[in-house]
Structure formats: structure tokens, C-alpha cells
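Common to both upcoming complexes is chain A, partnered first by chain B, then by chain C.
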Partner chain A sequence: MITSRSFFRGCLTLIAALSLVSCSKDDGSSGGAFSGDAASRVYVAPGQKDEFYSFVSGGFSGQLAVYGIPSGRLFRVIPVFSVDPEKGWGFTEETKPMLNTSHGFVPWDDSHHPDMSQTGGVADGKWVFINGNNTPRIARIDLTDFRTKEILEIPNSAGNHSSPFSTENSEYVVSGTRFSVPIPQEDISITQYSEKFRGALTFVKVDKTSGQMDIDFQLLVPGFDYDLARAGKGPSHDWMFMSCYNTEQANTMKEINASQNDKDFIIAINWKKCAELAAQGKGTIMNVDYAHNVYNDATHSATSTIKKQIRILTTADIKGALYYMPTPKSPHGCDVDPSGELIVGGGKLATVIPVMSFSKMLKAIESGKFDKEIDGIPVLNYKDCLAGEVVRPGLGPLHTEFDGKGYAYTSMFVSSEIVKWSLKDFKVVDRVPTYYSIGHLNIPGGNSTKPWGKYVIAYNKITKDRYLPTGPELTQSAQLYDISGEKMKLLLDFPTIGEPHYAVACPADLIMKNSRKMYQLKENKHPHATLKEADTKVTRSGNEVHVYMTSIRSHFSPDNIEGVKVGDKVYWHVTNLEQDWDVPHGFAVIGANNSELLIMPGETCTLLWEPKRAGVFPFYCTDFCSALHQEMQGYVRVSNGGSGQVTWNKK
Partner chain B sequence: MKATIYSRLLGLAMLLFTTAGFGACTQDGGDKKEEAPSFMETQQEKKTYGKIKKVDVGSTIDATMAKSGKEVFEMKCTACHKYDERYVGPALGKVTERRTPEYIMNMILDTETMIENDDTVKCLLQEFMMKMPNQSVDEKEARGVLEHLREHAATGK
Partner chain C sequence: MKPLHRILMALGAVALLGLFFFPMWSITLEAPQYPKGSELGIDIHINNVEGSRPNDLDNINNLNHYIGMKRIEPDSIPELKYMPVIVLVLVGLGLLVAAFGKRWMILVWLGLLTGAGALGMYDFWLWEYDYGHNLDPHAIIKIEGMSYQPPLLGTEQLLNFTASSYPAVGFAFIALGGLLAVIAWWLSRQRTTTH
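Let's turn to the complex of A and B:
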């Protein structure tokens, strides 16, 4: 309700705000987006749609969030590595296998770097890949139904941070280990780091049609910390570039001990050559255990397979395919410009941003002039590979994205700013503050050959005073800047889930047109599907009871069930018979040590319920589906003992 | 909370019905039992809503079409419709005797348009309180369902 008093007060506030505008500079330093027409630039009117989809890593939530840009509105959180009781992810019988690993069921992870599948170096809107950092895995999310369809564990890796960056046609996604470990694992002293610990860089092949992943080969390299990567493009198509730090090989107090060397490295990997050698049978087969979890669209169910072997290539197996390019100092980001010629290192502790040249690198390799070799990997000369340095860019350069108009944008963590610089002469042309401590940044398509250089989005590590306080933990946050003109302009702050690391974005059209509305009943091959109400039933086999149930606005069939006994394992296989967009039904039963089911139109989901008490218990639909939603419920009778003969009401 | 939401919804629905000219619903949808109410007899002269403007049904039943239509009917319709008794929706055993082929096809294919515009459907909604879902049936399948319902009305099959 707007009372006249509050309206009057609102007017006063507005006038005060307007008068502030007149004396604040137009550089965003006021900390607000008062300037010019910022509000109208991000306003997407009711019923209108955003121009871009943005897929933002959920960080320590383990999930992937979907936002609209420029509005910054959150549309969906796609469960990936962490259980999600709202969607039954990791709780339903169908999805439990997705979170299986060689360590057993793992309900959580830390997801950092979404990357979209590409064709010809351009985002193609088919899949998003994202890494699980803690228990090393890569997931593939299908952008027709915004679901995780595959999770592949990476053996020998320990901290899957440098992942899952895609090659130009998504031939491969890569997985570089952040932490080196004994390979194979063994029970040895941690102080044996330098002689025993190795780094695993894994190349995961992606099937062009199905998107299905499989480990093609794994490189065993010196025991450094492999951090971030980008594949080459155009002339550098065959190469992957990956930053690494801790070339000191410290195993304790890394913040001091891994910050000693003046330069660490970007490792250049000729993946094409490695793949050819692997295909020829080079290297050795190592026995390992890793889970490969695949969700089947026809059965609406996942299976988990523990695979046993991978091909290992050592540096001796692939001579001439690996080179270290020295890079100052503890590099983090490693980004390739749209032409594929320039490789930008983000040295966390460096005072410059080094820009390496791919063509110079090739010349240096050809000349055979190397500083030294580490484990058979030639170390090139820094100056020989250098295209130029961005001098005094700010403090703590991390990541770089490109606008396709000749400029690069680098995030500066320590000095909390985005710095725009020219790819021609490496001169800084603009800088704008971020609030606060920016980590990753993203321009839609900004990692590809075709950036849509209209906005840059800052993903910040600290929010401090930007939002209403919510106790000790504040919202995570992103900031949207207009980069269509010469000067960057802050338009909007918006909250994010988890801690945002990288994000990918692309024009909405690319994805919208393929968006699935439902699952076709006639294509439902779930082994426990009930495709018409006449087939609903309840069966018993020992202490397992299977309920074959259907739901449609607004009833369950059957909705009265008797003969269940305490100690039974009751599997509720619920098929949603709706064939209309946006009509999921829910299912929940009292006392379930489990989640709800949220069943999409045409889908079958299964909830395991193990009743512990005798009595008559309700179950109901949790998703408001119609005017008679409240009536959408049923009862199940649980008995102590008895014949256990199951009965149900036939419709 | 939910009860409140429900009663509000119900209130809203009542308000809609009383203000949107539903005075024309002189009796129930006529589908509790299999008898055609009198006002439905004017159906043939009514304006046709929905994308199907004309359906040519033959003088005989196409058995193949009816068979495939029965499969669709069982999968997508029987959760709410029985042949000879009122269920979530009206009984459909003799629906072809009281509704035009166009009405039936449009109700299946263009459900939202029918609910919004057709007076008969508006009356049925008032009685059954459940908007019929669009079950994403294609035109060929809908034609099969119509044929199945014609066959059922004629033979009880």
C-alpha cells in the first residue's frame, strides 16, 4: 500500500537522489548506477525477455545458475555436483547414480568454470561443461532441458581446477590438476613432494553428436599446480595453454613458499600431436578407478559405471608436444584472444600483464634455443615468446576477456577494478572500479572467436556494504558494465548463488529455440513407467513394494493403498501424464528420509520410502497445479505384520 | 497458507464466473449421465473456435484410424475421462452425439482457445472446476481420437 505519507517521503528521497546525481562523477565511483540511463539499460519490462543467457558457476554450492542479461534475473539453478532436494537430484533412484564416484556417493562439490560447447570457435548453445574441483569430475549439461546429463570422474587428478576448457570444436575438454599427488597414489611422506608428486593433465574426448565424454589420454607432467587453461583458436587450434604455479614444488605454506620464483609457466600442449600419438598406441595403460555416470533421456535414469583403465603419456612419450613458457609471477588466468595469436597470462603477483605471441612461440621452438629442460620439457625464453607487456595495469591481474573490437578486459583482484587495454599496443585505455575484489569476468562469447562485446560482467569475491546485511555471510554478487562505448559504465549489481567463479553467456536465441517443453509419453522408456491410468498398480516382491502411480491435474492413481508393512522398502514410481508445458507435479510422503519428487510432464521419477510406523499416512502433490491442487493427495496404510498383500483402488 | 491461497483462488474463480456472463449456463454440462441437454442441441449453429474449421467425417467408421485413436485416448485422456460416467471431466462415451467434430477436435488441439471463448466450455468449466490440460496431441492423433469416440458411440467398442 502506498500511503500519501510514504509517497511524499518517496518523492523527497527521489529529489535527494536526483540532486546527488548532479554532483557525482559519471565513472561509477559513486558506487551506484545513478548515472545516465543505467536503469533503462537493464530494465526488461514485464513479459519481455533478456537478450543473453548467462551460465554462472555456483562455486561452493556445486551447481550452475542461469541468469538473464542485462536484467540479472535468476531463472534456474541447475543441480550438478550437489544434491538438490527441491528437484530430487541425488535423492531419486534415477539420479543417485549421477553422484557416484570411485569414493562412493559424493553429495557435494565445488564448481568453478562453465564452458560452452563450440563449433568453429563460437559458442553453439548445445552443452555447458563444468568442473567439480574437490573430487575431480567434469559434468555436461544439456541446454535443451537444462539438466546434467553426464558426470565423468578424472582419476589421478587432485583438485580439478584447470578445467573443463573446450577446444575450438569441442573435440576435447581438458582437466589439469591443481594439486599434484603421488601417481599412482601411495602411502609416502609428504616431504617427498619434489621427487614423487606428479601432475595429471587429462584430455577428455567429446562426441560431436551425443556430447558423450570419455578420457582419451592423460599426460603425466612435473609436480606443479596447474591452474587455468584455454585452447588455441585459428592458427593455434592444435594447442592448449595452461598456467601453472608452485614451480618451487613447495608442499607447505604455499602462500610464501610457492611465491619465490620470479617466473612460473604457461605450459603449451600440442594436443593434436598428443592425440595422434595416443591413437598410435604410445604410452602405457594404467589401472585406475573412475566413475562414468550417464543420464539416459529415454529411460529418465542414470547409470554409473566404474571404469578401470586410462592411457598415460609421459613427457618422454610425447617429445616435441610440450613446452613451458616462463610467465611472471604465479600466473592464474591464461586467456587466448579471438585471433588465436595472443596468450594473456594473469600473474597474481606480477606488476605487468604478459602477452605471449603464438607465432613467436613457434619460432622459438623452431630455433631450438631453450633456457633449460624440466623433465624433458623445453623451457622457452620469456622474451622470445613475448608479444608485449601491459605496464602498470593495476594490482593482481587475474583473468582476461575480449570484446572482438580490439580490446582486452582484465580483472584486477587486489586493486578491485577492470582494466581495458588495447591488443594493438598493450596500452591501458580505461579502468573502472568493481565492488569488491573481482575474480573472474565475462563478456558474452568473450573467450571465443566471436565475442558479443556489449557487456562485461564482474564476478566479485567480496560484497561488503553493497546489499542489505544478512548476518555474517553476505550475498555473493556480480556487476554488469556496458562496454559498447569507449568508457565502461556500471549498470547493475545483482546477487548470485554460491561463490561465482567463471560464467559463460550467449545470445538467448541460440538456446531458446531448442528448449524442450516436456518429455513425450510415447518416448518414455523408463522400466517402471505407467503410461496410462488403467495400468496403475501396486506389486510386492519380498519386502519391496513397487507403486506404479500416475499423476495428472489433479489426482494420483491409485490414491488409496493398503498392505504396506513396517520395514518395507516402498518404491513410488510416479509418472506425470501431463503433456503440457510448465505443469510438473510433485510427490511427497510423510516421514520420508528423502526428498520430494518433482516430476516433469511425461517423466517418471522414483522415491524410496521406508515406513517406520504403523498407521495411515498421507501423500500429496507439492507443486500447485490447479484449482483443485489441495485435493491432490492420497493415503497409504502401513501395518505391523499382516499378510502384506497389497491392494489399491482401481480407477 | 495453502488453504488461504485456495480459498482466494476459488473466490477469484467465482467472481470471474459471476461477472463474465455465465448466466447462460442454465443447467449442468449434461455429462453426469449420458443424456444430451436441450441447450446443447443448438451446438451446430454456434460459432466455431479454435484452429480446426471443418472436419469431414465419413459415413462409416475408419477402423484403422479408430484403433490408433484409441491408443492415444488411453494414454492421454483416460486419466480424466471415462466412457460412461462423470470423472474429473465429462463422460465421453457418447460425446459425438452432442458435440460437433470441430468442437471435439478443437477441444483436444486448441484447448486454451476453447476454454477462453466457447460458451459451452465455459459452462463446463464452471461445473467441473478443472481446466482441461492441453495434452500435446497432434492433428492426426486428434482425428484418430475423434474416430475412436465415433466408433465407441456407435458400437460401444
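Let's turn to the complex of A and C:
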């Protein structure tokens, strides 16, 4: 994509720019000295493909966006936790169960942190996991067809923020609660926070082949706010590290009251040990309600099961598996370097970036010298575990990723910059501004044992004057920086959907080669599928009418239906008979109170339609499928009363 | 014919069996909607007509309904039933030529092979003509004077499709069979000339 010729051309432009505009400073504006060079670095010529896939959280949109890097082009928004009428997500009979919870149907959530499945500490391109923060859930997205295949609700959690963060071989994804609550829930005074509220840290087992998730055990820990997590790797493989704030256990005005302690904690969890104890039957079984929603590729339909029990481990059940490492003020990030030895904290209100040493932590545990205990969890000594501190890094360190070449990159929310520092001596070597207020950042593979350290991407909360204004609500943004050289260079700004929190990226070929082109019609096991036009029909039972319809370029079969009555529930089961790449068909009918259907080749989707008045009403294909797409339409006659004998035109 | 010549002749006959494993002819269809790498294709075997990729034949048949072309149904093409028999007969005769070791028989066999090939091509052309001209009068797209016969050999533009028709791997086995027979005939000439 970046050919040697375009690079050469870029270099020439760069030289010209430098000689002509020698006084221009690199302030990230469009006239910057590196703009010519930057343009060629992010230019993906028509018909060419990007080098990386990037999966960016949709934040309060509840979805997951798919971008190409370095171009910053948006390819797809995968509906996850929020309904999406464009794709029928949450509106079709098949997908409604995906958004079921113990609270009933929840049409929205706030998705923050995508994480890709890993094998041997390296992204493997199979699945993306992402958290639902508001009604605690974890979703699994299948990267062969870019669809959400599973959503698991997390009981006892009250805000699934510290999630999903996979272990080194995706043995587990984790869920730490952002809000501590009474567990089990009870009707008590909020002021009883410190004695009654607990934090739930849940370990969800992932099946190696199917990817299916299952809650293995849940730890009940002191009632703090659990924030972000990273699993260990290599030597620290058995451990999960999770940051927490509000160690003051404030229940009001947390802005102030949860910002009093000079140090909060990173909790180190020996998950391997916990899992062994759980397998031995340690702890207790708690009765809870949580939804487990699974989408079946063969039936093209989801089922939702309310599960009833989980295994709870208290701090007393797992002595020696949990430790608190003090970390400077109100930490967010908690990131493990590629070697698995260093754990980097990101204290939002801290003046340093603390770098903890895993081997020193083990020594401190062995020595048995603890500062104190909280609810049976030993608090290690900060200095005993410290590898070093990055001093004067900037303001508001949040999150750190690694380039695999000995450097770490930390986002600074308050001073709105990325700071590059050395893992050898913890000295800052470079800093670049971000526009504005960076939250997370991402280097492709930057959380893994083998980062592809070519770019760092900043995910910003505020854009102010960076784009054409769109009224009070402005786009949030990503910024792409080249980190192949000593100095970071801003290459590109691009807008994002919702709020981009975290993102994961990996080389495109890891995913491209497995990308599905269609669903096999002969493998379609949908109970209402119609696999050939000769089998199309309309049936009635009571006030339920089922239309077994097919679509193929460019007609529906049947396309004239009579005998529907006002007050009927009409289920349109539409099967797309195409077995060709990139030929979806749509289906829309006037007055539908839900959405359209968008049916992929070989797939069956169902729309429920409840006609309110008598007459003859059209339906049509919504996805431009062929030259005669406009003609792809039909009529349904709705009667007031009558026999209700359904008829249709048979081909 | 010395043993070497008989062996060459026998190998030439057996080479035709390659037709049971590889298509002898392929037609590919490229269009803006079916770019290189995603183009549609039909492979013609002695006993079957199938898509180059699993759904190609269905997709071609579906697209052809716009111009009113008949569906290509392998079951309705009788040639696909008796072509394998012809090939087997040629293989058997070739082996007999090798067994008898008479030089003139090679020429007869080559004549039969060429004749069968020529008849096959003529038959192929007839089918192409039929598909290309015998169109449904209610076709969606009708262009005065336009027919859709794919080329017998070569490349031609048919509306938005570029149709290319070329021999495939199986055809190479026919050529190989003929070539081996010619070599056998050529090498065996010395014995007859020195006497």
C-alpha cells in the first residue's frame, strides 16, 4: 500500500515542504510541515486495502465500529448492545432475544472496551469481546461475519467497566464492577456503603473452539470502584491486574470524596489459583438471575436463557490469591508490558506514572511483609513492588500501550498529549499533543506480547474546532500517529461514532482470509426457512399469519397476498435465496412499527407486522440488488373481517 | 513397433483418462459486478457442466433470466452421458493399437481422435448457438439484433460481461494423447524404412 515510489514521492514533498515553509511549526494543523508526507502515509489508493483492521468501541452508541488503518475509513458499525433498525438488530424475531436481560429487553448500552481473543499472548483474529457498562454484559463478536454471536449478563455486577480484558490464551475474559452494591441486592440505606457494599469480579470462561462464554466463578471483594484490567503474560500468565479507585468508600460526591487517598490500588488476582479452588468446589453457590443469549449460525436465530446460579468465592475462600498493590491516585489504566514483567498504572490525579515489577511483587508476597490487610487481602508495600516511576510525565495519565521496541506510550487526558517513555530507564523521550483530551490509545497489538508497533491511535473525547461544526453535538475523534521513527508524527484525524473509548487492531490478513461471503442455503436450519420458490406459502393459525417468502433477483415469491385481517399478527419469514457474494435483499412493509429486514444470501429473517387498517399495502426490497430492484415489490391485502382465508400467488 | 513405441501408444491412450478428472473447456464471465478474482465461470467436463466455484452455475442461470436465456441444466444435455463412453472407447482402441503394434493403426486412431474432437467442438458450437439465440420472447432485457452466443474460442463482450472461452486442463490430456501417438508413429518409422 505504501509503495517505495509513493514513499519516495512523499520524501520529495517533505524536502520541498521543509525548504519552502521552514518557519511553519508542527502544530497538527493542516498546514504543518509534515502534511505532504502525512498524506502519502495514510493514502490508500482506490481499490487498495488498508493494512490493519481497527475495532473501535462505540461508547454510548453501544456498538462496535470497524475502521481501516492507516486510512481511517469506516467500513461497518456492528450492532452489539443497542438496537439497529438498519440491520434489524433487536427488531427481528431472530435477534430480539440477544438483548434480553434479567431486567427484560434492554435496547441500549454503553460499550467501552473491545478486546480481541488471543493465542499465546497475540491477537488471533477470531473474536472481539466487548463490555456493556450500564446493564452489565459481555458480548462476543465473530470476526468471520462481523456479527454479535453471544451476550452474557453479569450478575451482582453493577457497572461492567473493568472488562472484558482477555487472559493470554483467552482462557478467561473478566468483568470487574465499576459500582459496588449490596450483594445480594437489598433495600438498605445508601449510607451503609462501607459495611454492606461489595465489589464483584467475575471470571468468564471462554471455550477454545466455539468461543462460548460461561461464568466460572465470581470473587466478592471490598466495595471499591473497579476500573480497568489487564491479564499477565509470560511469567505473569496466571495473574490478572485490575485498578480500583474510591478506596475511601465514599457513597456521595465521589468527585471529591473518592479523591482523598494519595494512593489507591491495583488488585493482583492469581486467577489460576482461584480457578483451581473453584474447580475443587470452594466457595458457595449463589442464586441469581442472568441472561445468556446465544445466536445460532445454523438457525440464524438467537435464544435467551435465564441462568440461575453462580459460584461465589469470598476473600476467605481464596487466601493467597489476592493482593493489593498501592498505586498513585485514582488509577485508570493498569497495563502489562509485552514481557509480562512490568505493570504500568495510570493515576488520573497522579504526578508520576508508576511502573510496578511483577518479580518484585512476587518477592514482596514471599517476604510476607505487608502494610496492612483489607478484608483479608494483604496490602503490599508500594516501594517493595516498584520498578520505577516516570517523573513529570504530564497531567492525567490514563492508559499505556507498548510498541515492542522498548517504549511505552501513555495517554494524558488533562494535558492532552501522548507521552513516549523508555521501559529501560523510565525517561520520557517524546511527547505529542492530541486534539483534544485523549482517553485511551491503541497500538495494533499494543496490549500483547508482539505489538505491531507502526502506529499509535489516540481516541479523543473533545474535538472543538477540529472539524466543520455540527451544532452543539460534535464528533469525537481518533488521531493516527506514526511511531516507526524516534519521534511520533501526527498523520491523520478521523471522526468516530458515539464515544471511542478503547480499540483493538490487528493486521488485516489475520481476519480477511477467514471472512465469510454468504451463508450456505443448504445449511440453513431456520425453522421458518423456505429453501426454494416452489415451497413458498402463507398459513394462518388463529390471528397469526405466517408468510414463507423468498427473495432472489429481482422478485419476492409470493408477491400478492390476500386474506390478512386487521388485528392479525403477520410474520414475514423472508429467505434470501441468493448464493452470490454481496447480494443482500431488504424487506420493508408500510406502517411496520419495528424496522426493515436486511437479509444476507442464504439467511432467513422474520419481521412481525400488525396492520392497523384495511386496504392494499405494498412491500418492497430496500437494498439495491439489481437493475430491476425498483420492481422488486409486492402487495398484501388487508381486510376488515371476512373469512381470513389466506391466498397467495404461486409461481 | 518396438516395445518403446507400444508403450508410448498405450500411454497416449491412457492419457485420455485425464478427461475424467479435469474439465476440458472453461468459459469465464467477468463484469463490473464480477471483477477478476470474483468472476463467474463454467467448467465443461466430459460428463458434467458445473460452476468453476460452488454457486457459479446457479448464479449464471439466475443472471441469464434477464436476457431470457435457458437455464443450463446438465441433466438435460445428453452428450454428457455418451461422451464418457466415446472417451473410454478411444482409450480401449488405443490400447488395442499398442497391443497389435501395427503402425497404420496409429493413424486410424489419430483420425478417430481428431474426428471425435472436431465433432465435439461442432456440437459445443451448436449448444452455444442455441443458448445464445433461442431466447425467451418475454425476456426482461431485449436488444434488437443482439444474441448472446459465447465465443467458441477467444473473448467477446456480451453486454456488461466479458465472456472468455478457452481449453482447460482436460484438453491438454487430449493433446498429450495425440502427441504421444504421433511420437510413437514417428519413432517407429525407422524399422519400416530400413527394411
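For the reader, a short list of remarks on this structure follows.
Note that in this section the second predicted complex is superposed on the first by the 618 of 651 C-alpha atoms of A that agree within 3 Å, B and C clash if a C-alpha of one lies under 4 Å from a C-alpha of the other, contacts with A are read in each partner's own complex, and residues count from 1 in each chain.
Everything below uses one rule, namely that a contact is a pair of C-beta atoms (placed from the backbone, for glycine too) under 8 Å apart; a residue touches a chain by one contact, two chains touch by 3 or more.
Not measured: the values here are computed from a predicted model.
Once the two complexes are overlaid on the shared chain, A:A316 sits clear of chain B and of chain C alike. In the superposed model, A:E533 makes contact with chain B only, not with chain C.
In the superposition on chain A, no contact is made by A:A39 with either chain B or chain C. In the superposed model, A:Q579 lies in contact with both chain B and chain C. In the overlay built on the shared chain, the residue A:R553 is in contact with chain B and with chain C. Touch criterion not met for A:I188: it reaches neither chain B nor chain C.
With both complexes superposed, B is the one of chain B and chain C in contact with more chain A residues. Judged by the touch definition given at the top, the superposed model places A:A627 against both chain B and chain C.
Shared interface residues of chain A, touching chain B in one complex and chain C in the other, are 518, 552-553, 578-580, 627-628. Chain B meets chain A in the complex at residues 2-3, 5-6, 9-10, 13, 74-76, 78-80, 87-88, 129-131, 133-137.
On the chain C side of its complex with chain A, the touching residues are 38, 54-55, 58-59, 62-63, 66, 140. Against chain C, in their complex, chain A makes its touches with residues 518, 552-553, 578-581, 627-628.
Residues of chain A that touch chain B in their complex: 517-518, 520-522, 531-534, 550, 552-555, 557, 577-580, 583, 624, 626-630, 651.
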